[in-house]
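First chain written, first letter: the chains are A, B, C and D, and each begins at residue 1.
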Amino acid sequence: MKNFKSFASDNNSGVHPEILKAIIEANTGHSIAYGDDYYTEAAIKKFKALLGNNIDVYFVFNGTGANVTALSTITNSYNSIICAETAHINVDECGAPEKITGCKIIPVHTNNGKITVDLIKQHVKGFGFEHHSQPKVISITQSTELGTVYTPEEIKEITSFAHKNNMFVHVDGARICNAAASLNLNLKDITTDVDIDVLSFGGTKNGMMYGEAVIFFNKNIANNYKYVRKQSTQLTSKMRYISAQFEALLSNNIWLKNAENSNKMAKLLFEKIKDIPKIQITQKVETNGIFAIIPEKYISIIQKKYFFYIWDEDKSEIRWMTSYDTTEQDIDNFSSFLHNVIV
Amino acid sequence: MKNFKSFASDNNSGVHPEILKAIIEANTGHSIAYGDDYYTEAAIKKFKALLGNNIDVYFVFNGTGANVTALSTITNSYNSIICAETAHINVDECGAPEKITGCKIIPVHTNNGKITVDLIKQHVKGFGFEHHSQPKVISITQSTELGTVYTPEEIKEITSFAHKNNMFVHVDGARICNAAASLNLNLKDITTDVDIDVLSFGGTKNGMMYGEAVIFFNKNIANNYKYVRKQSTQLTSKMRYISAQFEALLSNNIWLKNAENSNKMAKLLFEKIKDIPKIQITQKVETNGIFAIIPEKYISIIQKKYFFYIWDEDKSEIRWMTSYDTTEQDIDNFSSFLHNVIV
Amino acid sequence: MKNFKSFASDNNSGVHPEILKAIIEANTGHSIAYGDDYYTEAAIKKFKALLGNNIDVYFVFNGTGANVTALSTITNSYNSIICAETAHINVDECGAPEKITGCKIIPVHTNNGKITVDLIKQHVKGFGFEHHSQPKVISITQSTELGTVYTPEEIKEITSFAHKNNMFVHVDGARICNAAASLNLNLKDITTDVDIDVLSFGGTKNGMMYGEAVIFFNKNIANNYKYVRKQSTQLTSKMRYISAQFEALLSNNIWLKNAENSNKMAKLLFEKIKDIPKIQITQKVETNGIFAIIPEKYISIIQKKYFFYIWDEDKSEIRWMTSYDTTEQDIDNFSSFLHNVIV
Amino acid sequence: MKNFKSFASDNNSGVHPEILKAIIEANTGHSIAYGDDYYTEAAIKKFKALLGNNIDVYFVFNGTGANVTALSTITNSYNSIICAETAHINVDECGAPEKITGCKIIPVHTNNGKITVDLIKQHVKGFGFEHHSQPKVISITQSTELGTVYTPEEIKEITSFAHKNNMFVHVDGARICNAAASLNLNLKDITTDVDIDVLSFGGTKNGMMYGEAVIFFNKNIANNYKYVRKQSTQLTSKMRYISAQFEALLSNNIWLKNAENSNKMAKLLFEKIKDIPKIQITQKVETNGIFAIIPEKYISIIQKKYFFYIWDEDKSEIRWMTSYDTTEQDIDNFSSFLHNVIV
């Protein structure tokens, strides 16, 4: 099956036409490998235009790579990293953060994927006590794995708490564009301006083929990043092809338009199915994901036509994701199908 | 500087038109992420057609990722891995193999990048002695980092020795297509048929944008590979774009034509410059690299026009690489330039 | 201050006289290093007499070393290890398990330090799903860090569940002798006979100077242990001095007498203070620890005379430990002091 | 076989009577665990009296633990550590340094176990080049694994070179007392005064039961050591027993007398056997080891009576070690035996 539309994940989608075009245009002659090229310089410039000049920008292959290299750079192996129990770094990276950073990951239970100072402060202690992993990083996901969004104020509360404790804040921004779109804010408002330290900026889930950026807002801590990236197998040789994609993504507001569309399509789907009595929406639909409990017997029927993932088997909770290329027609088709099936 | 031709590395080249075309064609609709898609199945089929059906094939982002995940899968951290001191895993991966496998890398001095049983057997001992890292892998590079090539007989001698000692043989095949082209042999002749255990099959240096394959010839050892790949940050979500590239590379003998061209261009360059008295060629030109000692004063002059790497500063030894897209005109221009400069 | 009696920890105590005598007696002439000696053979024989012949016994320096080497031997880095959130491996080893095994530690909340199948089963899933760390070990502490004890039936339920899921059960037995004494059972009843796979057997907290044993009940999994131990820095050269201690500990029931005394002294202390209104005992006193909430203002007053640790600052909960050398007089003195202070 | 005298290793010997006495005397009442005790303070004071006040001193269990924790503290995983190919960290620690530091170990061939700036400088390059492990530590062994000794001038040349390149010098001093005795110098002359950065100070091979010290001469780099020690499983709970041993070792010049005796006995053995025609001494006898090539047929005959290790099977080279408790009578007996056997 080569062609279909699904609601499985925004990474099932393909490459945005403008981004593919940028790749094609970059495919001329030779470029110096490993980032010392025209396209990388141009892409970094675009990032600085959006986030301010006082940042360091590096490109890697994928989200796990971005998270792991970012975290490695700002930790020693005897540190701990605190995050929501639903965080990608906690449940979806097969232990890569522990393996590569050597750190302890401390998962915190939340109801909506968002941690707060109140929820985590019990783990921010034991400083100087050699028997305990020393707390060093608070990692949040924006937008969260449950589709919810941190406000700038919520982030600021976390960064203030972290910095007061000599800790860093990492943001897993695999879907940060969706968060900005949802908040109707600039990317700068939810990163630079709320004092985060390092960001995994997602490209793949927002219309790129591959490629994520690691952005340091605290330049002192980025000094060794290039060695960490290389040793973590995340340095691409033909860097221009990631860079060209990022330059295109950040041009003409494509990053925003893509995110806005996927958010809007999720909202539309929500509107069209929220009244189906047997569907119980479990999280606020703030970005491009819908989490819902539906009777188990319908799941496999729906999956036969539309592939998607079961989120929590015990609860019969599923996840539907829209993406930058989801159309109103896709939503109409899918919601009609759901109305027909779930009766 | 966006457009130029260099002799710095085959990874400075761009993407072969047929491979780019395959990417573009794959860019329709949605595909299930992480490899459960049409393109991945098709690419694996192509590999089996070339190497036999009794293999396991997995795709990763880059060469360091391929080497490290392959080695992790077949070792425990208390093992040692023996290789040439010039091996990519020893000198060009910023310690990724040690960091991620935990193993000791034992480098062996060679004159031409090729190890032999004689050269390594002093390190294959101490089995059962807990104070020593236990020898487990012999890793060779084909073609080598010095452009030389192992014959099938040479490989067979190494695999026989390894298997007699309950060890595995890994081949770093970042340029294995160049080796096959040089030997005028099938890929199967220098892999499956000489009993190697695991191969890093290079795509990027032979005309792909990104993507390498890890191929296990001994299926028992591949069981856990998928976890190792994920935990090592080497699992791409939009797998179809690597797979489509490999399918194209392995179709219409593009892998071979590309390799043949780069080998031929190196040979041509060699013929055109071998008589310049002040250039001393230091390695046999068997594939697509030329190693030469040239007086230091000329190096920066040449680098100003043609970017390339100094191989050994102490010896004033440089490396020139041709690639799949090097043309006779490129060689003519470069050799004329060299003749004019080095006088 | 060289001489005092405290209730801080059983590892504040010294060496039992019989064990010190064994060290002195072993101090004659030379012994082959690293375990190929008379004393090690004799100590292993004693372990087999207690636990059955079908075990593999190895000695290490300390408890963290025992846990980490045991866990490393039975895991790959992409595995997860499930334990109580209060487990020593989770909170008191500065992340050594994550760093050295590479695994994810999944902490489970309990009220009394004891995990159950019900509490952990939500984490035993995702087998075959490469995005998740693969569950491989359930680690329990016997007696627990909260002084409570697993019955043989409770352990059996866990080992059955584990083995059904192709997982192993590790027991952190830093205080396993206290557990056996508390249950009035043989060591074999709570290890071999309930099918645990590997045990960290504690010596230091029960009257030894240093030294713990790692015991494999499933011999197939111990094959590589000696390399893991050496690579984890836990192989002592002058092994006879650990072995001689263990031989003494396991002779004349010293292991049991020591544990019985410390348990009895904790019970006695409990009886003498349980009616102090402002002391709220928070855990059952089943072994040699007492956990109690006491008004904050008394803590530093008591600590000035008797050093001990605050267990949970937020709750004003403290921990008092008795040890093999605690006397009735010590308890009388301490309880009188408490009665005088906490008014 | 409980009692014998061998020439296998100085770690086959037992505990010096004065050191054992110190252990016995320390065995009174309770002491706070993990180093906050009277004995540790006293031992550190002794070290400062010998080496100067500007040092940080920590105790660990064994030599591999000392080396690995010292190296971990001063490196990042993307660094390389340069040492003689005969170094304990390279061949006798089962890859613990690679596993725990993540660094690349670069072994350098020497004839006598001693590296020089000339021998290593080819590996001190590539600074800033992310593809190469970044050189950070030069590790030397004093006295070397081949029984030879670095003069202060030789060390100074290495530390100057290292510091000029922003690198550290680590000394594996498992037998540093033998080196000082051999040079007829103070410990300070070959450590503090020649600007080394960190020292693994050996206790076990010089008459202790267990225990080594890690000493930082550059206090800025020791800040995180206590976490590294704990996470590396090298923190003992009943610290007083290591500390009391060190205090005894450093009192009444026992460290020196022990080293002098073992050195003297090696010299004596050398004098008594150097004229046996079939014994070819291969290294200068500067401390307590004798390396000799002897015809293979004699080796097993001698080993039957006196256990020792074959150093290099290919060359039929063996190693005999004397220790602090070797007597002239032992040497007489052994040399007579050798004269009788090797005919």
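Convention: contacts are C-beta pairs under 8 Å (C-beta built on N, C-alpha and C of every residue); 3 or more make two chains touch, one makes a residue touch a chain.
None of these values were measured; they are calculated from a predicted model.
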Chain whose Cα centroid lies at the greatest distance from that of chain A: D
Of the pairs given as C-D, A-B or B-C, which one copies A-D, with over half of its contacts the same by residue number? B-C
When the centre of a chain is set as the mean of its C-alpha atoms, what distance in Å lies between chain A and chain B? 33
For chain B and chain D, let me know how many angstrom lie between their CA-based centres, rounded off. 41
Going by the contact rule already set, what residues in chain B reach two or more other chains? 77-78, 93-95, 99, 102, 130-131, 134, 227, 230-231, 235
Footprint of chain A on chain D - complex, ascending: 34, 76-78, 102, 130-131, 134, 224, 226-231, 235
Residue positions on chain A within touch of chain C in the complex are 77-80, 91-95, 98-99, 102-105, 107, 122, 125, 130-134, 313-314
Where on chain A is chain B touching in the complex? 1-6, 8-9, 11-15, 20, 23-24, 26-33, 38-39, 61-65, 68, 93-96, 99-100, 204-205, 209-210, 227, 230-238, 241, 307, 323
